[in-house]
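Accompanying notes for the structure given below.
When the chains are written out, they are named A, B and C in that same order, and each has its own residue count from 1.
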Amino acid sequence: MTERLIKNSFIHGEEMILNIGPQHPSTHGVLRLRVKTDGEIVSEVTPIIGYLHRCFEKHCENLTYEQVIPYTDRCDYIASMNTNFGYVVAVEELMGIEVPEKVEYIRIIMAELNRIASHLLALGTFGLDVGATTPFLYMFRDRERILDMFEMVCGARLLYNYMWVGGVSHDLPVGFVEATFKFLDDFEREIDEYNNLLTFNKIFIERTADVGIMTPEVAIDYGVSGPNLRGSGVKWDLRKNDPYSIYDRFDFNIPVGEGTMGSVGDCWDRYWVRVLEMHESVKIVRQALQQMPKEGNVHEALPKKVRPPKGSVYKRTESPRGDLGYYIISDGKPSPIRLKMRSPAFTSLSVLNEISRGWMISDVLAVLGSLDIVLGEIDR
Amino acid sequence: MISDQLATAPWLMWFSIAGVTLFLIMAFNALAAVYVERKVSAFVQDRVGPMGQGAGLHAGKWGLLQTVADAVKLLTKEDIIPRAADRKLFIMAPFVIFIGAFISIAALPFSSIIQVIDVNIGIFYILATSSLGVIGLILAGWSSENKWSLYGAMRSAAQIVSYEIPAALSIIVVIMITSTLNLQGIVEAQGGIVWGFLPNWIVFNNPFAFLAFFTYFIAGVAETNRTPFDIPEAESELVGGFHTEYSGMRWAFFFLSEYANMFVVCGIASVTFLGGWQSPIPGFMNSPFWGLFWFMSKVLFLMFIMIWFRWTFPRLRVDQLMSVAWKYLLPISLINIFGVGLWILLVGA
Amino acid sequence: MGRYLVNIWESVSTMLIGLGITGKHLLRAKNGNVTLQYPEEKWPRPERNIGFDHQDYNVIRSRLVVDINDCTGCKKCERACPVGCISVEALKVPKGTDLGVTSNDTIKRLLVTRHDIDMSECMYCNLCTFPCPEECIYMTGGPNSHKTPIDYEFSEYDRNNLIYKFAVATQEEIDSYTIPVPVTPAPEGAKA
């Protein structure tokens, strides 16, 4: 529709530069977008980042391996369990540690619960970006229940520092398994409510379907990963394609965008993939809770000192936002000589200009919401 | 009629009494509506909204003092006028918007005897004055020297001008049925029973009028810039839209006029389609005093529906907003006029 | 034309469904709300303490507390802290001095002259509580709630009040181990 609008409009006014952010209600943190507009229609979007830069990678060079974990929390603060997970898996591979069975299951449960929490926030804020306030609060209500369970397990609600190299900080508390089963049962019903309230609402479909189309080629060219890539119809999920931990033991599907409401790779597809992924995560958590061994010491495999041998490792995991990679070089000292984090949100943001060019200002913000970026991770 | 008796009094006194009363009504309407808006949004979203309990008494019982606190805060807030702003227009804009809503209320028949001014072309007058506010919106957006405000102003101008048309065309249906432009006349024409049990309100008069009511109401929601048509102030896109740069009491005037506009739109809807001060059960409690009660309850119910809309729907995009107006509402209202014409021809008014 | 009517139908029906959902929430507002009226109501404790009964570790992340009588001055917590908000200074005392024992019957060999925790810097990672051999640094609440009840509300008007000083050693005590006891009394005004 808009494409046609641009083509047919023969009146071209002067271009204006509009600064969206860093203080703006819908930039998901402190992001600044320099938007070149002709009236309502956007001809160029330049994301300007760095307002939240905290020198994470440089800082890590002065910290011991254990001390890095709380800092990984603060990178992707929406899905801290997953950022912890990626880091500890990388260090364990470097050190050659085999973690106990129970730890593996606990980690999977936590990572998948956090994936649900993260997707809930992503969908809620996306709804907020297109003007729907109420679904956001419903989703926050359910996210809160997940956070309550995390608090039960490790005492923290947002920044957990839960996964340690070779184990996890605390065993599961009494009553956690029952509480989680109960939550999962309730939660699947709630998803239907969100769908009726927001997903299939005609206005929402109008705002998101056929908007910000990211073709599979564009997505792969830019290195987009995670739900954004799958929304474009590419079946790529590291949990299946390059299984780490014990993901190969579970039975789950990889939902991909099919262009149900518009064309493949539009905002609605990216949204819908996240909804379906929450269903899959529920499935994984259920299986993990059933298979998890009852006994087991979660501190069994903790190394006395985390001091990896000389060498380097690159390990990538599937965070809620995509391929989260850690490249660690060790020279045998207690702190890494170099630590590089491959942030999925960064690549997702880089595609913004490509897919929102030619759309309207409102669409730029809808596209931004559908990409689900976390500025803490982009700026690090 | 009260207006006749007062017409003999000196015109200045008459004007000031009416003006002050109307202003008080509008201020109270805004206060109550803000409270209801907060509470409804809270209940819809599984929250409790402003509350006061225990020793702290934060906002009074059930948070009733919340809007009073808001008003005090807005009154005492620093009034900021940006240096680059066009000072005169900037100061003028909120009042222009306010006056638009203010003079429309004057013609609304609150009851068969309570009406500030009974114009014989009442409906035409209200339609004309309620769209005056858009001048204020453009003034506010232009004078702020802010890109967001400018966008908001341009959007709202386009929006209000477009939605005036389906709204006015839907009202024509009413005029066709009642064949009068006088608001009291329109209400009086809606007494009695239709279809055997329903009150003879125009909304129940025939299927096309029923449709016309919804067309008018949707257009009305759009005219008051409320979700799903709130693109002029779209919070997540344009920060605050045309009132981005306003603060304190000037901003409060925008707020006041938003709710006053809601009142006007709902007032017209209830006068023209829902029988105004007519009781829902014909002949039952139909005295002038009860008329006020019926009118107010109809208006407040419609306002509640608007608030309910706001907390349910996402927001439309600019071009979609236009397509709703021109591609959907306009043809439907034209069909309505045609259908009602046929109906009158075949069945009778 | 078909598409046109379908559009109208979809808009109306999905909107009515949406209104129905919000209306349902509106009606059951009394029972469904999740708000906690904070200063009057607080988190239901028992539910959140669910894991505490059988565990001897501390799961709560609140305020750090040091049982200074048990502290041996080993500085493990200081080294573990990623942000460096703990600063411990310990003094070597002459051989034979009795500083007492901790509750774990460890003989204290160092006099802790300074144990400051800057809670405004703390990032609640809990890393300092694990290495402590005497389990004397912990976060309030949890299994330690009989000693120090849980405390989330520790905001202060002055930033300096957030630096918690736990060391109890008096200046005289410190002086007695560092400076040989002077024969003549210290002059007036030379208070420590």
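Operating definition for what follows: a residue touches a chain if its C-beta (ideal position, glycine included) is under 8 Å from a C-beta of that chain, and two chains touch if they have at least 3 such contacts.
Remember, it's a predicted structure, so these values are computed and weren't measured experimentally.
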Quiz item: Any idea whether B-C or A-C has more C-beta pairs in contact?
Solution: A-C
Practice problem: Just grab the chain with the largest centre-to-centre distance to chain C, centres being mean Cα coordinates. | Solution: B
Self-check item: Distance-to-centre winner among chains (Cα means, whole assembly as reference)
Solution: A
Self-check item: Geometric centre distance via CA averages, chain B-chain A, whole Å
Solution: 43
Practice problem: Let me have the rounded angstrom distance from the C-alpha centre of chain B over to the C-alpha centre of chain C, please. | Solution: 54
Self-check item: Between chain C and chain A, distance of the C-alpha-averaged centres to the nearest whole Å
Solution: 29
Self-check item: Of all residues in chain A, the ones touching two or more other chains
Solution: 134, 141, 197-198, 201, 203
Quiz prompt | Junction residues of chain C - those touching two or more other chains | solution = 7, 15, 18, 21-22, 34
Quiz item: Residues of chain B touching 2+ other chains?
Solution: 44-47, 311-313
Practice problem: Would you tell me which residues of chain A are touching chain B in their complex? | Solution: 1-2, 5, 16, 18, 24-26, 40, 127-134, 137-138, 141, 197-198, 201, 203-204, 206-207, 360-363, 365
Quiz item: So in the complex, which bits of chain A are touching chain C?
Solution: 63, 66-71, 73-74, 134, 141, 144, 148, 151-156, 159, 161, 169-176, 179, 193, 196-198, 200-203
Exercise. Sort out for me which residues of chain C touch chain A in the complex.
Key: 7, 10-11, 14-15, 17-18, 21-22, 34, 48, 50-55, 57-61, 80, 82, 123-127, 130, 139, 142
Exercise. Sort out for me which residues of chain C touch chain B in the complex.
Key: 7-8, 15, 18-19, 21-23, 25-26, 29, 32-35, 37, 39-40
Quiz prompt | chain B residues touching chain A - in the complex, by the definition given at the top | solution = 41, 44-47, 147, 151, 227-228, 230-231, 234-239, 311-320
